[in-house]
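Chain lettering (A, B, C and D) follows the sequence in which the chains are written, and residue indices restart at 1 in each chain.
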Amino acid sequence: MEFLLLLGTPLAGAAALAVWGARPRAPELNVVFSLATFLAACALTVRVIGEGELIVAREQFFIDAFNVFLVALTAFVGFTTSLFSRPYMRVEMEHGRVTPRRLRLYHSMYQLFMATMLIALTTNNMGLLWVAMEAATLSTVLLVTLYRTPASLEAGWKYFILCGVGIAQALFGTILLYFAAESVLGVEGVNALLWTHLDSVKGDLEPTVLSLAFVFLLVGYGTKVGLAPLHNWLPDAHAEGPTPISAVLSGLLLNVAVYAVVRCKVLAEGALRSDLPSQMLMGFGLLSVMLAALFLWRQRDIKRLFAYSSIEHMGIITFAFGMGGPVANFAALLHMTVHSLTKSAIFFAVGHAAQKAGSQLMENIRGLVTLSPTVGWGLMLGSIAILGIPPFGVFASEFLILTTAMKEQPWATPILLFALGIAFAAIFGRVQPMVFGEPTAKRLPHPPALIPVFTHLAIVLVLGVFIPPYLADWYRTAAQLIGGP
Amino acid sequence: MAWLTQILEVLAALVAAPLFLGWVNKCRAWLQNRSAPSLLQPYRGIRKLFFKDAVIAENASPLFRLAPYVVFGAMVLAAAIIPSMGTRLPFSSAADAIALVGLLATARVFQSLAAMDVGTAFGSLGARREMMIGFLAEPALLMVIFVASLISATTALPVISERLAVQSVGLYPSLAFTAVAFTMVLLAENARIPVDNPATHLELTMIHEAMLLEYSARHLALMEWAAALKLFNYACIGFALFVPWGVSTAATGPAALLYAIPLLAAKLAVAGFGLALIETLSAKLRVFRAPEFLATAFLLAVLGLLVRLLLGS
Amino acid sequence: MNPMPFDVQLLNALSALLLLLAFAMLSQRRIVTLVSLLAVQGVLLLAATLLLAWRTGETHLYFSAALTLALKVLFLPWVLYRLIRRLDVYWDSEPLINISGTMLIGLLIVVFSFGLAQPISELASTATRSAIGIAVAVILLSFLMMITRRKAMSQVVGFLSMENGLFFGAMSATYGMPMIVELGVALDVLVAMLVLGVFFFQIREQFDSLDLHHLESLKEKR
Amino acid sequence: MILTPLTLCLLLLALWAVIGVAGLARPTSLRYVARTLYPLGALCGIALAAVAAVSITWAPERLVLPFGLPDLPFHVRSDALSSAFLFLLGAAAAGISFFGAGYFRSGEGTAPGLLCLQYHLFLASMGFVLLADDAYGFMVAWESMALTSYFLVTTQHRIPEIRRAGFLYLLIAHLGAIAILLSFGVMQGGSWQFTFDAMRAAQLPSGWAAVAFLLAIFGFGAKAGLVPLHVWLPEAHPAAPSPVSALMSGVMLKTAVYGVLRVTFDLLGEPASWWGLVPLGIGLLTAMYGVVFAAVQTDMKRLLAYSSIENIGILFTGIGLAVVFHGAGMAVLAALALIAVLYHALNHAFMKSLLFLGTGAVLHATGERNLGRLGGLIRRMPWVAWLTLVGALAISGLPPLNGFVSEWLLLQAFLFAHRVPQTFVNMLLPLGAAVVVLAAALAAYVMVKFYGVVFLGQPREAALARAHDPGALEKLGLVWLALGCVLLGLLPAPVVGLLGSVTAQLGVGSLPQGASPWWVLEPLPDRDATYAPLVFLAAIVLVVVLTFQLVGRMFHRRVRRGAPWDCGFVRLDARMQDTAEGFGQPIRRIFQSFFAIEREQPTPFDRAPRYSIVVTDRLWRALYLPLAGLVQRAADAVAWLQQGRIAAYLLYSFVTLVTLLALVL
């Protein structure tokens, strides 16, 4: 029941907003639907906590410890983002950057995007997972090009082609997976793509095929995660789309992609009985962290800056999953949570800052804290949090990851140390003059929507010093589920 | 008994210091075959100054007037610590050799601060130079003392000289090195040629005198007296470290004091002559050469230390 | 050794034709022809699917055959032809690597993909196992084509032929995916096509050309 | 919960936090924030110091707080070591808070209320660093400390230099923090317990232990300002408001020392002897570096910052010495060296805070930080001048003040270094002693320059005539700190006794019980080296008073005022006085190799001759700029990857795919 609501609400929202999306009250409608989704997610979560794993719709959908908290997180961030997008898009309207028709597209696609992501998270069928991922791309591609500027079109095109091609590889990987599973699970092939079944028999899956399948899946979904060197679509898409979309792309889509990769990794590892998959993940992770740090160093556009920081953090998460084991997995899951909260909060603040300054170039943004203290402090605290400075939650996960790395993979720690240092210098060195210093920009009449920013930051702060027991249990069980060497 | 020694020492220092200065000047005069001033000349100078009215610059602060007393007091206390005649000194438990160096440093700092107080060009010039000499001379002196305390396993000056005194007269290359170093430090610290010229009246070249330019009357008197005491103290430190024989120790009874006094006088006479000799034979260095001079002293002292550690002698 | 049954020989012939088509696309400069080639690819797929369906008697293969007909044979080519006419982009400019070079690389790719498919075909139980290698080859060749082309349109054609390759791979390895997945994939391709249509017009109205070198402004190197 | 020293400390820290938050109630009202909250904070500090002073002799006690990571709630533990540093924190913070109560003005930059929040959170986080008993809690407190202090430094954030200083500071602090974190990662030794107890229990292979130690030295050294990680210090200290500089220099640097001690002697257990040479060597270098640079500064707060670097160097030298002795199994000497370190940390907290507050008062009265525009203030602001004199004399290591005591103890320890088994080491150590002495003597030079140029002489600017003493609260703060300097100087024996319990509890060893009375300090009875500052002081005072009386009685006390003797040069004016640059000139000549000097000298033909000299840090060009350049080049190199060509991007994924496939086949 809750489940139907969970998937139904956003779909209905998409339909409804496709009709009324241009009305003056459409943003509120958007908020309402997101809120409903969030409530449904909460209800579902409560139920799953109560009754444990949940399998519905002829096994096509299932919710276990791993994806339930991602569902809740996704619904929550989706809700707060809709809160943020309300005043934001209004201002864009006033500036005449979006017409009512585009606004309609925006709202309806927003809901559709939420729906696809929730499906991707909850589906039990690796095939459907692929379908949902592709659908997520398709639903956002037109949002990236919402402003119809040359740059946004280019970004959209790259996003579409690169992700499309990447995801095609993932499809072939899925086929191989199916192929391998079919020989084990028998010809009544319907179940052969159900993750639960695959998981139960992963031991007997054919290693060679699985290794090939994993490569295709990794390259495919890895493109969406934004692992270097497959990341090239990411900064463009983040920078050129409307800020709410950057927020959800960075905060949610990447998480979902990581989720997909991890699911595949579990199977591959089970079949291969070797740490090849882990090593691949670690390699990709480190490469991403390294490259992202170096790219951060030369950014001038604020949204590109934080897009690259997303790549860096995805790298960290991938590396942690690669290391595997209860602690690293725990840390990685925690990092997924805090990163998506923090990063979306930052994008909210950035959105307002950029609107105030009327530019995304960082040298045009100065003295926010005097201009509008809330936005300034939001950006400052957000950046501090994302840089992994306690007492914010990002530090908690980085603490675990680094200490684990020091024991498990000492060779990797110098790279991480170096990369984190550069990233810190790059990000903080640019954020500081934007927040402090002499203000240049003009005041805007509209009040910024700062509830989302500070709610997120507050949650991240709390997670830094106190992780509620049930959340911890989720993470633990999920970490168990993912396992690893 | 110990107290007697203590008081005796302080009084002797107070009285003999100007005399020693006079003796050095006399020797210099002889060596440079000038007609020598009387031995008592320093006393006369000091007495004369005491009777004069003190003239103080308008903008002089209380610090300026306090300094002479502090410097003088420090020197007297130093005299009380250094075992010139006897080693059983109640005060010496208050401060060991390191503290003694600290005491001298305190005097120097106060003197320099006072010199900077009025704010004339030459005062601060002198202060700067004095501190420059000081920060090189002080470590050298400490190194010298370290060597001695390495040999005698303590930093308490009386104990050092006792232990040095009782052990058989041997050849200590380390002590030889440090003796040279000590002499150089003594010359520098007491504003003697080759580092400074006590008799100069050309402001640009002077160090110690430049700091006293603003002082007059009793303050000047105290400063001069303190300077004399300082020279005397350094001499006594030298004796305690390098020719510790003949002072009254716990072993030798109070009678020892009776011949400790003439012995001290003899040591002083010789030392004074030696000092005068050095001053006559050497020419004054440029101020910028002074650091090199003292660096040599420091180096020698450290060498002495290493030699001591290496050869154990 | 017993000679293969006729239908299997037919299937292998079809797959060989597919490979040939892939090379043809790789070498083709005229976009219209590219689209026709794509359509032919669709037809071949349709034929292969029907053949398999008839041979194995699996009903869902008939469904997918129907899908193929509707989507890959009729709809996509139609849309593409219309787009070409509306945007009048008939020719692609010289590819980044000249044709002969591309061909050589293509050959290498074919070798590689056959080697890749070897272990899989050994395990496969299907009659079409030997075609898996060809499917991989088609996929990678279309990938290559997307890399070398300069016009958005031909890139899209490459994308679609890659989709076809995937479809063919699925069929030859496992007689196709579960129905629900097939439907989902088909839906995605459909939507993708529509989105692309919108895209072309947006790009066109911005740059009044579909040349990709307009889309090279967002970069780090400056 | 029952009231033990630990819970009391926690309550007081919490109280600090509360006071800070209370500042947000009326953020702009100076009367409420400054005149009410800061004094409350100061009282907290006094209470904390009192509690710590009591608990230093108690047995260690633990507590587990209900926050933190799921498997790792915050553990707190108070033992002798932490109590010693808590005392330092409380006592110094009390004085500084009193001063701050009168000091902070509303105006440019952060609002007083927010400042109050940051200030008190800074205090609280420092306290928690000292109490934390698990890696996570420690790191959280540690970084919060860095963060709050960063915000305090950038109070005047509109000035670009200050922003740059803050950035540099936080960057280096963050790098250090990561290193510390990694060192914890090593020390937890595979038992996924990040509590300090687990680390004490963990048996590390010696190689890993060394790695942990070196990482810790790097990490804590970055915070303490060891060369070559010191560059942030002379930037950040002048940038911050004076009470904040005082806190950072006086207290925060000590938390780094605490960290090193905690890791070395407590967590790692048995340090190897050779480890000690690392902090020893770096410490000596740092000491020289700091003091030599201090001698040539022209900004009074930069000068003090460099002098802090020097003192940190001396502290680390002492730590190194203690490790060497400890490793060689010479318990007594190890204890002596360690006590010297603790004592010096305590002293430096008082004297450096005092000096920074003094400069703060001068800064407020004159608005000048440049030594070249000050002078003669002893007549305008006698309170500040005389109290600062105490600090200056103390930090120059002159008896009978406190600076001398710790120096004395350290030298005593050095004197017996030659008993260390390794010949090489015992050849080396005396040279160390020589360097320490040299540094101490130079410190005196520096302080004479500082005090003489700021307070003595004639005012170099007309504006200085309007300078005046600060208000009562500021005076109170200064007096408190000066009193600390004097008492610590006069009563060394009891303090050493208390600190002895620290070394005993750390298992380093303890000093033998001497028979000497409480006013005589005699650390090693077997070698009768004694020091009795009370007697010492009494004697000097006696002599001074006696002389004064006698001279007055026997002769007269007549004084005439007259113009200073101008040596025949007419119109002697204030600008003819020796400047800060001039005073630094001998040092510049002697230690030329340390500096990168740019000077502009007038030619005889200049119409308007001007002389300027800029002395900068060689390391800055030798190390940091190349590093930045390196990163820049690397960034440019990778940027080539992203040329905006979609074909290239597709090629990347194609190549990646093929490579991986080839890899698994």
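Just a few scattered comments:
Here, contacts are C-beta pairs under 8 Å (C-beta built on N, C-alpha and C of every residue); 3 or more make two chains touch, one makes a residue touch a chain.
What you see is a predicted model, and the numbers here were worked out from it, not measured in a lab.
When every pair of chains is scored by its C-beta contact pairs, the maximum goes to B-D. Geometrically, the chain at the heart of the complex, using CA-atom means, is D. We define each chain's centre as the mean of its Cα atoms; on that basis chain B and chain C are separated by 101 Å. With centres defined as mean CA coordinates, chain D is found 44 Å away from chain A.
Centre to centre, using the average C-alpha position, chain B and chain D are separated by 36 Å. A straight line joining the Cα centres of chain C and chain D is 70 Å long.
Touching two or more other chains at once are residues 154, 157-158, 161, 165, 212, 295, 298 of chain A. Contact of a single residue of chain D with at least two other chains is seen at positions 638-639, 641-642, 644, 646, 650, 661, 665. Contact with two or more other chains is made by no residue of chain B. The full set of touching chain pairs reads A-C, A-D, B-D, C-D. If you check the complex, the residues on chain B that touch chain D are 50-51, 53-59, 61, 63, 69-70, 72-74, 76-77, 80, 91, 93-96, 98-99, 102-103, 105-106, 108-109, 112-113, 116-122, 124-125, 127-129, 131-132, 134-136, 138-139, 142-143, 146, 149-150, 153-156, 159, 203, 213-214, 218, 222, 288, 291, 298, 302, 305-306, 309-310.
Note for the complex: chain A touches chain D at residues 154, 157-158, 161-162, 165-166, 169, 211-212, 214-216, 218-219, 223, 229-230, 232-233, 276, 280, 291, 294-295, 297-298, 327, 367, 369, 384, 387, 389-391, 395-396, 399-400, 402-407, 413, 417, 420-422, 424-425, 428-429, 432-433, 436-438, 464-467, 469, 472, 475-476.
Of all residues in chain C, only 116, 119-120, 123-125, 136, 139, 143, 146, 152, 155, 159, 162-163, 166, 169-170, 173-174, 177-178, 180-181, 184-185, 187-188, 191-192, 195-196, 198-199, 202-203, 206-207, 214-218, 220 touch chain A in the complex they form.
Remark: chain D residues 638-647, 650-651, 654, 658, 661, 665 touch chain C in the complex. Interface of chain A with chain C (complex): residues 60, 125, 127-128, 130-131, 134-135, 138, 141-142, 145, 148, 150-151, 153-158, 160-161, 164-165, 168, 171-172, 174-176, 178-180, 182-183, 189-190, 192-193, 206, 208-209, 212, 235-236, 239-240, 295, 298.
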